[in-house]
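Structures for review follow.
Two complexes, one shared chain (chain A), two partners (chain B, chain C).
Here is the complex of A and B:
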């Protein structure tokens, strides 16, 4: 499933929409950046409440496909700006990380 | 007053380093002139007049409970309420700073909230000082003078240095500043870019990016500042991180997953998971760390490809 299809299915608000629309391999839910670095797979979607540009830096370093910030957390301008300069898809959701992760898991689960 | 013309993101590197190295406690005035809840606004007014200040924190049992500004005193005078207790008229929603926050946080707070002063609390929540815009400007000028002097010396030393021969390897070096979360990750991003440019496998690039990011963030979070260097080529990436202290008291504990000494506001940024050094070691083929109290920490790791 591509990033844009996934965002549409989850009803995500696009915070930074200029990105290469590639296939999403998996998801990872965490607010600890070292944990993301250690365990998130490349081309995964990060589900987090960490609305800070360090989350973008980490996502970009480990080659994540997108970041979804949950709970309608406001995104600082510099975070959106960082995502734009990295070409990283950045979304917002009013739902909790649990809800977003649950729906994401159902969508990405291989039959 | 107009905003402080200092940006915690885009200023010259020297200034950035200063505002992240200096802490709020280096600029604050202490001890603080305070008043109690039961003091009258009149008494607060006299305290302002006698000490030449424009804001008085209201304290109960060492804890900050409110603040009376000159503006509130004038309003009280105007409304005939100057004999009323400070506890009734004070502002209760006071925004305070912590004494070990970098000065960059203080400048951001001044520009964001437009207050004339911020009370300063220690990590146990006790009122330990107060910081005004002029306190910050004074602290910065003192530090900038020292810094300019140091730079002048460095420039004349650099003019005497000569170039090194090239051996086909990529060499990168970066300075890392304490608490500079705005620029954290830049060294790793540059290293990643260079390795990609060398045509190194994506998986290896990722391992190097993880290692350098963890080392870089360790310096941002825990050290007094330091440097990261990378030498890459001919099937080998060597990363070295060296900082100016304070050193790790228990290296074995620091190498244990889950162990962290990061404080609350650092954790709120998503750091301090206690996975930094273990992550760096896990992605490396060789890993060595040397540290102890009173000296810096040196990490050297190698990733082969």
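Here is the complex of A and C:
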């Protein structure tokens, strides 16, 4: 499934939509950036409440496909700007990380 | 930014006292001590430690040996993230003349395998001045990671702006540069009333003089108007 299809299915709000629309491999849910760096895989979607530019930096470092910020947390301008300059897909959701992760799981992992 | 550049800029921009606090490491403190001696500026030696919850805390020591000792204990707790210089730039230990002494192969910005409470207790037990860092920031702070400031052995808190009472627990709030780049050295300095001669004496007496000033609230952060 591609990033744009996934965003449409989850009903995500696009915060930064200028990205290469590639295949998403998996999801990863975490709010600790060290944990994301250590354990998230490239081309995964990060589900988090960390709404700041360091989350974008870690996403590019790991090679994540997209970041979804949950609970309608406001995204600071410098975070959106960082995502734009990295070409990282950045989305917002009013749902909790549990809900977004659950729906993502059924889309990506359900046998 | 090298330790010698930090010492030079700190003096040039009018500071009387400067501390080096690299993330999770004191390895550049020996060079910093030498650089500050050459510049004729008083120095303290520290670490900005990153707890398992990703809360940053400043731990300041009067001597390089104490800082290195604390740092070597942290090294064993550092998450084993390999360091990729291609993506992050070189992570170096240097001497006072900016010669490279060592390339650290683990990412020093990673979190430590120790909780914020235990980290603060450990630093305090080693005689450090313990200051939870940028408590009002939306990342890497007690407010962003824990939601509140638990009671602990702190000497003060550091904040970007005047913090709400819940984030000070009645302790003095100081400002700080959190300088990662040369252009940020000396932004948001704080003033402290220290006894005559403390800056010249340096070392443990200076550390204790600063601790006393912090504990007594004889400090003025950058957001407060001069008296």
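The rule we apply is simple: the second predicted complex is superposed on the first by the 110 of 111 C-alpha atoms of A that agree within 3 Å, B and C clash if a C-alpha of one lies under 4 Å from a C-alpha of the other, contacts with A are read in each partner's own complex, and residues count from 1 in each chain.
As a convention for this text, a residue touches a chain if its C-beta (ideal position, glycine included) is under 8 Å from a C-beta of that chain, and two chains touch if they have at least 3 such contacts.
Source: prediction; values computed, not measured.
> Answer with clash or fit: chain B and chain C placed together on chain A by superposition.
clash
> Once the shared chain is lined up, is A:58 touching chain B (first), chain C (second), both, or neither of them?
Only chain B; A:58 stays clear of chain C.
> Tell me which partner touches more residues of chain A in the superposed arrangement, chain B or chain C.
B
> Where does A:33 make contact in the superposed view: on chain B (first), on chain C (second), on both, or on neither?
Both partners, chain B and chain C.
> Who does A:4 touch here: chain B (first), chain C (second), both, or neither?
After superposing on A, A:4 lies clear of both chain B and chain C.
> According to the stated criteria, A:25 is in contact with first (chain B), second (chain C), both, or neither; which is it?
In the superposition, A:25 touches no partner, neither chain B nor chain C.
> So, A:71: does it touch chain B (first), chain C (second), both, or neither?
After superposition on chain A, A:71 lies in contact with neither partner.
> With the touch criterion stated at the top, can you tell me which chain A residues are shared between the chain B interface and the chain C interface?
32-35, 37-38, 50, 52, 54, 61
> Across the complex, what residues on chain C touch chain A?
50, 53-54, 79-81, 84, 87-88, 107, 110-111, 138-140
> Under the stated contact criterion, what part of chain A meets chain C in this complex?
Going through chain A, the ones touching chain C are 32-35, 37-38, 50-52, 54, 61, 76.
> What residues of chain B sit close enough to touch chain A in their complex?
Residues of chain B touching chain A: 9, 181-182, 184-185, 188-189, 192, 202, 206, 209-210, 213-214, 217, 269-271, 273-276, 279, 282.
> Of all residues in chain A, which touch chain B in the complex?
Those in contact with chain B are residues 31-35, 37-38, 42, 48, 50, 52-55, 57-58, 60-63, 78.
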